[in-house]
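Quick one: structure below, then a few questions.
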Amino acid sequence: MEDNEYICHIDSAHHDDKFKKEMKNRLNRIEGQVRGINRMIQEDIYCDDILNQMAAIQSALISAGEILLEAHIKSCIVEQIKHGKVEAVDELMQTIKKMIR
Amino acid sequence: MEDNEYICHIDSAHHDDKFKKEMKNRLNRIEGQVRGINRMIQEDIYCDDILNQMAAIQSALISAGEILLEAHIKSCIVEQIKHGKVEAVDELMQTIKKMIR
Amino acid sequence: MEDNEYICHIDSAHHDDKFKKEMKNRLNRIEGQVRGINRMIQEDIYCDDILNQMAAIQSALISAGEILLEAHIKSCIVEQIKHGKVEAVDELMQTIKKMIR
Amino acid sequence: MEDNEYICHIDSAHHDDKFKKEMKNRLNRIEGQVRGINRMIQEDIYCDDILNQMAAIQSALISAGEILLEAHIKSCIVEQIKHGKVEAVDELMQTIKKMIR
């Protein structure tokens, strides 16, 4: 286990049940949307409708990622900075860069 | 049924079996990845790893969208333009804009 | 000169004066915004305000790109497809992919 | 002046000369690229080349934004968190969201 994870997991409020449930609902919905697109392609639904649905999934996935990122910064990153582990920001930046591009 | 769809669906080579199979594989994989993230969150896996995995799904979804967009342009849009229905480009632009943002 | 450019440039209505003037205005504004950010950084303006301004430039640049892409498809690409040069779509897809990511 | 800015500006190492010079060079280059595109459109250069150049500017602007964001987090945000002002993360999230979309 890495040091980062350690500090992160000490915080018992890391992800509470409410957060986990919300993410579960969001990701279940996204999973269902992906399955729906798969079916639409097999059934020769008009491409344009499928592409619009795909854009909606992208958007839902970005929202889910933003919520998780916020929870991550507010728990793990803030905790590490308070413990003087400012290098946690380097790792965070790598993650944000992947989300921006 | 709209006119656009009509012209599009005349073309029997709209989506051949090879294309459908490739899309099915891609979307099955994406569906599995979304399910995986859901499980990772419930199991308190380190957020950063989940966020990286989310970025990978985004990327896979964009690739799948690009492949479908290309197939759409090469079949439906080209067909409509050849039939003088240049207004198909307006609808296409709306879709591309949703994918760009 | 490439074949694609040739067909494209035959069409004398390629970019009319109104289009050129609109693009000129948009790009002049963007250029001014970039210059403004440069000054803000030198003057130690609060980063968050600069980052918000940067996001606004991104958005303005995307809009300008979408307008040019639409003009490009409606003139050059449609023209080429009508002349049976369907391979123009391959080049178009490369461009769209760069804009999507 | 807001509290956030205050804490941020106490830190005299906020943006050192090296950082300012690097950002100046990057933004000067971007400004020149925007001016170049403006000229290309007026001179009827092939759209596809312009669109590719636009994508290059987007990419350069994103890189500049990422560098500024990193500097912002490492100075202002870290400083505020150390001072117990965890609400700085809310403002940061708003900014990151604008950059992601």
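By written order: A, B, C and D. Residues from 1 in each chain.
Just so we're on the same page, a contact is a pair of C-beta atoms (placed from the backbone, for glycine too) under 8 Å apart; a residue touches a chain by one contact, two chains touch by 3 or more.
Here the structure is a predicted model, which is why all the values come from computation and not from measurement.
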item: Rigid-body rotation angle, chain C and chain B, from Cα fit (steps of 5°); value: 180
item: Centre distance in Å when chain A and chain D are each reduced to the mean of their C-alpha atoms; value: 24
item: Centroid distance [mean C-alpha coordinates] between chain B and chain A, Å; value: 21
item: Chain B and chain D, separation of their C-alpha mean positions in angstrom; value: 31
item: Overlap residues in chain A, where contacts from two or more other chains coincide; value: 62, 65, 69, 92, 99, 101
item: Touch-based graph of the chains, sorted into line, ring, star, complete or other; value: ring
item: Residues of chain D defined as touching chain C within the complex; value: 2, 4-5, 8-9, 14-15, 20, 23-24, 27-28, 30-31, 34-35, 37-38, 41-42, 44, 46-48, 50-52, 54-55, 57-58, 61-62, 64-65, 68-69, 71-72, 75-76, 91-92, 95, 98-99
item: In the complex with chain B, residue positions of chain C that touch it; value: 62, 65-66, 69-70, 73-74, 78, 81-82, 86, 89, 92-93, 96-97, 99-101
